[in-house]
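A, B and C label the chains in the order they appear, each numbered from 1.
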Amino acid sequence: MSEHTEKPPGDAAAAEEPQGPDVDSLPGGVPAAVEAVLLVVEEPVTDLELATALQVPVDKVREALAELKDEYDGYTGQGPDTGPTRRRGIELRNVAGGWRFYTRSEFAAVVGRFVLDGQSARLSQAALETLAVIAYRQPVARSRVSAIRGVNVDSVVRTLVQRGLISDVATDPETGAVLYGTTPLFLERLGIGTVADLPKLSPHLPGLENLQDFDDTTY
Amino acid sequence: MSEHTEKPPGDAAAAEEPQGPDVDSLPGGVPAAVEAVLLVVEEPVTDLELATALQVPVDKVREALAELKDEYDGYTGQGPDTGPTRRRGIELRNVAGGWRFYTRSEFAAVVGRFVLDGQSARLSQAALETLAVIAYRQPVARSRVSAIRGVNVDSVVRTLVQRGLISDVATDPETGAVLYGTTPLFLERLGIGTVADLPKLSPHLPGLENLQDFDDTTY
Amino acid sequence: MAQDAYDDGGAPAALPGTEKAGRFEVRLENFNGPFDLLLSLISKHELNITEIALAKVTDEFIGYIRAFSAAGDSFSLDEASEFLVIAATLLDLKAARLLPSGEVEDEEDIALLEARDLLFARLLQYKAFKEIARQLGTRLAEEAARFPRQVALEPQFAAMMPELTWRMSPSDFAAVAAKALEPREPAPTEVGIGHLHAPAVSVREQADIIGRRLQEQGVLSFRQLTDDADSLLVVVARFLALLEMFRDMVITMDQAAPLGELTVRWSAGEREWSAVSISEEYDRDDQDQAVLPVAEEDAEGGDRERAH
């Protein structure tokens, strides 16, 4: 998952790892095992990754995730073993294609004091507009973003790369220009699953959904 | 740091008027607030620290901690609002005078499998370069490393900390940012005695003493 | 549809400039780029493609550029030239309106009309992104209230990590450091395509050409004045030149009907007139020879945006 590590040759370590007990038989079962893994993840983790670690079918993981999410939200608990639960200070969310624990936003003021590096600084209007253009036009060259915004965007693009919200994702085969796209961190910061979940642009563009037609025509 | 960013008002606001809403009135109350804080703390946190942050009497925090511990263990839930709960994969433990979440030991095999998956015995190029910047610029804030490398380094820095090659060595007196430096393990791996033994960088580079000049302004 | 589109729904970009003590000022905190300015001008006049307000906007825009020059060191030429790009497009627009309607078989007419459509499409698009950006900002702020768990691994798991294999000598490591610390050139993200652009066109030169023609022949239509123009840019430059000459009161202009033929008449008789007098706003010998920058890529130097 992480780009900063390389696969060890043959995944030997994982293969040799002793099987361990069947999670289903442990107290708390699959949901508890999922919870345990979620406690150590550093970025959203997919149901498939969880199923691999737990060695159970992915359907069971999905079931457990849905159940946990409801539990943390305080909805469920009508089963034979569990009663209704209290809404928790922890939220289980599906963002950027995976699952991760977050603190609930009501407690931001309290929690913020314990987070060392704080949340990153807010983006300027210029950075937000540039980010929006890149998000909806990706993969896109800087010159195109610049044409849409009507100003030079070089330094804003640099800032966004540095903040990890966008990255160069490809090279234009014709011009050789670097093409930018948004990162998983962008999705996470926005709390959405994929780029397809971005709000629709069309309500803001009466009759001009087919933007490609004209923004390819640079002047 | 960057001209495109503004200090989040949250920081200042939190510092100046730590009032916030009364946690007791929020959904989930004190236990939920305690839970939220516990999710983000690196080090065990004491009941007194929690009480200060939450602005509630320490007795209430102790009560909430005891209740939470039981809940996570699957014992409680006899109150009017809550029924019996399932034993969770997360454990709330009191260690060294403070409280912290741990994965439940039954799931060590599963968690271990997850942690090991994708781990490598080698550092990625990104990790290596980040390590190099930190080694030659220490003590240095993550934001500065990110500025020098031009990309977001958050997750690489975490990897390097996890690997024991760097650690937080100080706090920037002005910004409060964590400053990183290399560890004795790093020196050992490289086979040198002290940081001063690092080879001098070639003369075509701006002298280390001048590095401030460019990375504060150019990026 | 067009009208709705210009309704600056809840987000009227405040007019960035105000006349104050005879000097032009730009409130930089409100200013975020040329399109922003154009949008504000347009919403102020509730611009409609077929309305005369377009001329007003154009004039006002030219006023901006003049004021920029007059303000001297407060504004970089970069900024002014970026405005000029927009101004040129606006002038395309205005010029398009001046061409006889119904006679669009002329390729140039079509080009001008397309330029108009292009500009409005661009403005609409920009406005859409502005609104979306606001939504994203709100969303990001809301999300910032949630903190993900991000803590070090429990020691038992950290200990499970495979032992690091380290084959690097101190000098290898220094080489990595040298490379990583090297000041990076701004990434050459695009292949230079400057050579593909039409050369810059000087308003002064064009003024000289049409000025002489008008002096010789007395009355000419805009069509006649531009029939030898080999590019859209020349047409634009000549139009700019006409505006300047009009200001200098050496010509009069007459248009019987909206979109009708524009007739230009030399009104200065034998009076001494030289194109040199009109040039300052557009030709800045000391700084930049590009009079009408053709493409955004030409813009160089730092970021000219006013952050926030």
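A few comments on the model shown:
By definition in this document, a contact is a pair of C-beta atoms (placed from the backbone, for glycine too) under 8 Å apart; a residue touches a chain by one contact, two chains touch by 3 or more.
Just so it is clear, the model here is predicted, and its values are computed rather than measured.
Of all chains shown, A has the CA centroid lying nearest to the centroid of every protein CA atom.
When you average the Cα atoms of each chain and compare centres, the chain farthest from subunit C turns out to be B.
Here the two chains linked by the largest count of contacting C-beta pairs are A-B. Rounded to a whole number, the gap between the C-alpha centres of subunit A and subunit C is 37 angstrom.
Work out the mean CA point of subunit A and of subunit B, and you get 19 Å between them. We define each chain's centre as the mean of its Cα atoms; on that basis subunit B and subunit C are separated by 46 Å. In subunit B, the positions touching at least two other chains are 3-4, 6, 8, 10, 39-42, 102-103, 111-112, 115-116, 119-122, 150, 158. Of all residues in subunit C, those that touch two or more other chains are 144, 147, 149-150, 153-154, 157, 162, 307-308. Listed in rising order, the residues of subunit B touching subunit C in the complex are 3-4, 6, 8, 10, 39-42, 102-103, 108, 111-112, 115-116, 119-123, 128-130, 132-133, 135-137, 148-150, 158, 161-165, 189-192, 197-202, 205-206, 211, 214, 218. Put simply, subunit C touches subunit B in their complex at residues 144, 147, 149-154, 156-158, 160-166, 168-171, 173-174, 176-184, 307-308.
If you check the complex, the residues on subunit A that touch subunit B are 1-8, 11, 13-14, 17-21, 23, 26-28, 31-37, 39-43, 45, 49-50, 52-55, 74, 77, 81-90, 101-104, 106-124, 126-127, 155-156, 158-159, 161-165, 167, 183, 185. Those residues of subunit A whose C-beta lies close enough to touch subunit C in the complex are 8, 13, 39-42, 91, 93, 100-105, 108, 111-112, 115, 119, 122-129, 131-133, 135-136, 141-143, 146-156, 175-178, 188-191, 199, 201, 204-208, 211, 214-215, 217-219.
Residue ranges of subunit C in contact with subunit A, taken from their complex: 1, 4-5, 32-36, 38, 82, 86, 89, 115, 117-118, 121-122, 124-137, 139-150, 153-154, 157, 162, 186-187, 189-191, 193, 294-297, 299, 301-308.
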